[in-house]
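Residue numbering begins at 1 within each chain, and the chains themselves are lettered A, B, C and D in the order written.
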Amino acid sequence: MRPIERGGGVPEPLAPSDLGRARSGLAVVREVEPVGPGCVELVLDCAGVARAARPGEFCQLRVAEGPVPLLRRPFSVCRTDPAAGTVTVHVGVVGAGTRRLAAAQLGDRIGVLGPLGRGFTVPSGPGTLLMVAGGLGAAPFPLLAAAGHARGAKLVWLNGAATAARLYPVERLGAPVEAHVATEDGSRGRRGRVTDLLPALLGECDRIAACGPNPMLAAVARTVAARAPGLPLEVSLEAPMGCGIGTCLGCALPVVGAPALALLCRAGPVLPAVAVDWGRLGTLPPAHAA
Amino acid sequence: MVTPAPAGRAGPTLSVAIGRGLVLPNPIGVASGTFGYGFELGALCPVERLGAIFTKGTTLRPRPGNPPPRVAETTAGMLNAIGLQNPGVEVVRERYAPSWRSWPVPVIVNVAGADLEEYARVAGRLDGVPGIGGIELNISCPNVAGGLDFGLDPAQAASCVARVRAATTLPLIVKLSPGAADIAEVARAVADAGADAVSAINTVVGMKVSLALRRPVLAGSGTGGLSGPAIKPVALAAVARVRAAVAIPVIGIGGIADAADALEFFVAGADAVQVGTQTFVEPDAALRVLDGCRAYAGEAGLARLTDLRWSPGGPASGRGPGGG
Amino acid sequence: MVTPAPAGRAGPTLSVAIGRGLVLPNPIGVASGTFGYGFELGALCPVERLGAIFTKGTTLRPRPGNPPPRVAETTAGMLNAIGLQNPGVEVVRERYAPSWRSWPVPVIVNVAGADLEEYARVAGRLDGVPGIGGIELNISCPNVAGGLDFGLDPAQAASCVARVRAATTLPLIVKLSPGAADIAEVARAVADAGADAVSAINTVVGMKVSLALRRPVLAGSGTGGLSGPAIKPVALAAVARVRAAVAIPVIGIGGIADAADALEFFVAGADAVQVGTQTFVEPDAALRVLDGCRAYAGEAGLARLTDLRWSPGGPASGRGPGGG
Amino acid sequence: MRPIERGGGVPEPLAPSDLGRARSGLAVVREVEPVGPGCVELVLDCAGVARAARPGEFCQLRVAEGPVPLLRRPFSVCRTDPAAGTVTVHVGVVGAGTRRLAAAQLGDRIGVLGPLGRGFTVPSGPGTLLMVAGGLGAAPFPLLAAAGHARGAKLVWLNGAATAARLYPVERLGAPVEAHVATEDGSRGRRGRVTDLLPALLGECDRIAACGPNPMLAAVARTVAARAPGLPLEVSLEAPMGCGIGTCLGCALPVVGAPALALLCRAGPVLPAVAVDWGRLGTLPPAHAA
């Protein structure tokens, strides 16, 4: 397990940091692809991120030119085309900022800062990677699937959503996967949640990567801890991010051990599930509540 | 307060003398709590061109900070309740300051404490440490120990400053709180107590409420510090009033997002400014502000940015109306 | 503070008892200085449906107000330095109050003065005048006579309230200033001195600067009162802190633009609210807020809007952190 | 001369008011016509204003849905088509609000509050009306020209601008006029300002209506006072307007006599020149300064 920054307060500023690859600039919108209700994927001209981004890393996108909404929003790098110099982000509309992004027009310029954070461990060779996505959590998986596929990993895809229309189109993963789906209304696949399908898949896989709302990740972590305690599980978590680069100290998240808070934008957004203090995370008010 | 322009040289003089030998190469700094300890941003905002770096608020011992959520966005602003997460003064002395020695930009350590004793001890530990350009005293930090907010009361602010002044020979900038009933009075008190300069303003107390959760968004009491464009008018009024009250340099802070905003602070009476929240939006915001100010000064033929200063007539030196 | 819902009746109870017999038919009022004396808007905002009208600040004698410019827009807000232009209390008594008698909405006269004597005399002139529902005491009005801002100091606020309390039998709502170092302390002081309710907040002191003119935009000292969405977080924090400090009704004011904003104030602890600046943007803003609140209460199955109230745990009743 | 509201402070709230005709609603943009550099005319579906507006009255337009820019902006009613139910406003770009309005697209909805204020005296029959427009001040004249023409007045048009491209196209006035123009760079008509051409026209006219920046109006008023003191001159002035309906008390403007300030949104925006305290107006900082 790689070390987590949880130094005595701020992340250790003198330690080598991933920020060396991050750049800030304006990216032109090249394509706008609707992907299900309230979701679009934006293809952005952004050669720096396209070249440097690793699976599970994120970018901070500006959502307005003026002061409302003020702060950038974090989005996982969904897909990259280093040759074309483009990056795809998957935007699910939840509030004012994502509404503006989803309404972007071809040719618009969007401020992009990235790549940021630390992502998923990419499988180092054959073996099975189980990717678990709930809600809007599919975003980081096309890039992870491509990297895993390139290294010869077998990919299993487990996607849960409220209803069929909100499942992530499996062909958009861009790599061959064995797909399992669950919907809460039973409109496709198994009726229920990803955690209902998960137990049956645990035996077949060598590591798990999960992304979705924090409570879903907690459920996945509980399932894995109970049924396959040694299995490496990495989760991509959410926290409100003021800066994305470790200076605002806003994205602190409870981790096990003292001093018990890590900055998600530097230590994460992907953390080993065993490092997260799920108990304290669960007692906190949700990071976002409109 | 400003070094005179050397005769025959083109362009405005940008350096600002703060006092006790501290000279900022230019008047655009980055605000405490928005630039870490100067190491984080790296290539995103090369520190060499900054006028000053004001570090995260530093206490005697390391502090883990408040439980999350700690930040929340508001209309044209943001709230934070970080709770002074910091590595403690020893780490600053021993690990960070040595790196700062070779930087061309003065690094000014923002100091916080729960009581007078802690303020004085932190200031004492920083005294004489090479690489540390000065102290910015955050007398209005969150009531971390259920104690007093020294920044709200002139007498208490003065006693805090006097105590710190005795503990260090470093240049001392006192950061004022907009929460004081009369910020000008606090400014006068801290100037008399030995401050070399004042900076204004710190964040304004605010709250965001989640209707869905039926509770405040931030953890704990639910209040936090409001920053960003929403508070710019509050900051400009504070700077104008403090400017009229004291003769020492005034460093303006609050909602500066571009060069025009910064220039407004010079009109209101600032000698230098700090860029805070906008660095979260644009990592190199302070450098854009600097470039814009320099260009404006050049076009307007200003010898120095403080030439923009407005001098109010008689009535304006009093406490101005608050509306109605 | 709220009349219990009659058994068997559908929909939430909206009326709010303020004290001394003053009952607002619903909790959505219009704020002082943004709705004149209730006559101006006419068909644009039928007064019959409002919960209360708070008039323009009224003084003993007519006042012409400040020289222009008196208003200026800021980011998500506006500044005003009207200078209490008003026709004086006699015109209010003799010409306006008779019309108000037939209105179903309580008209509450906002009272201002340069000294204790003037406050008391205005309150006295309003006492017993039919058509006047109560007094909102603006203890934090601009320093019109170079005098004190009573709203900034608990003791002075209390003496002002006591004086007015003795001069009138009308329901007395005291309007609090966000400029006080501790607004909760002022609230406690005025409650003890006899206020039936408090309203919060008045405008925040601010300034807008014109770079082109190299001076503030507003005339005189250049400062004014900041209102609008930019100050909503400041107002919510104030309401939460005042709520925890006093048992009398709290009327929330500051940046309310829609029903969601108003509902946030009920979460923070308000018993009623006032819509101010937004009426300039949408003349019927208060009625939209009312309709939205009613609809929300219906959908959420609330018996009354105060059921939304958040009850902070132990630490929240103290002064919350201001950031950092 | 009609009485001016300058009561003891607030405008007399019990006095009969023009606000009875004002309505607030959303108007659909029907046409967007560029008119010279940085100027557009927007044709809005707004039957109420189209029916009720009189020359020189204004509307308060919302310039954003959100809180930035917050306040409505005042615009003179430029032209009306009561049959079609449309109103035209002339928008000159000077700042953020007018920039947004000028970028309006067909079909957009814009909040319109109006008609507001008191306008020009419409000629009651034949006789010559001189209309003087400087800068962006042409806006109210198409409606005044139509009304004057309908009553048989002879119309003389005096338009000044920095350069030819900024003159108001005379054909857009929609009524036959005798036109005189002055440009500061001499690119069309007389080189100079409207006040240079004005003296020669004073003898021929029975009343004057002027609109433009306040300093220009002051110059016109000075010229008239010096050379044709009895000639009725009405000026459409500018002041920052918080509300447009007399409640914010923000638009106060110095007038002669006690108590010396009138609310421009109720007593104006058109005032008899003799009522304005030009001396005090001149010493005040400009209403608008970015």
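Everything that follows uses one rule, which is that a contact is a pair of C-beta atoms (placed from the backbone, for glycine too) under 8 Å apart; a residue touches a chain by one contact, two chains touch by 3 or more.
A quick note: this is a predicted structure, and the numbers were derived from the prediction, not measured.
Touching chain A and chain C at once are the following chains: B, D. Averaging C-alpha coordinates per chain places the centre of chain B 46 Å away from that of chain D. Once the centre of each chain is set as its mean CA position, chain A and chain D turn out to be 56 Å apart. Chain centres here are Cα averages; for chain C and chain D they lie 35 Å apart. Chain centres here are Cα means. That of chain B falls 33 Å from that of chain C.
Within chain C, contacts with two or more other chains are made by residues 33, 75-77, 80, 82, 210-211, 215, 229-230. Among the residues of chain A, those touching two or more other chains are numbered 67-68. Chain contacts here are complete: no pair of chains fails to touch. Listing the residues of chain D that touch chain C in their complex gives 7-11, 13-14, 17, 19-20, 22-24, 62, 67-72, 111, 113, 239-243, 245-254, 259-261, 280, 284-287, 289-290.
Chain contact summary for the complex, chain D toward chain A: residues 66-68.
On the side of chain C, the complex with chain D involves touching residues 33-44, 56, 62-65, 67-73, 75-78, 80, 82, 85-88, 91, 95-96, 99, 210-213, 215, 217, 219, 228-230, 257, 277, 279-284.
By the touch rule above, chain B contacts chain C in their complex via residues 32-33, 57, 66, 74-77, 79-84, 112, 138, 140-144, 146, 149, 152-153, 177, 179-182, 202-211, 214-216, 220-227, 229-234, 236-237, 240-241, 255, 260, 263-265, 267-268, 308, 310, 312, 315-324. Looking at the complex, you find that chain C touches chain A at residues 75-76.
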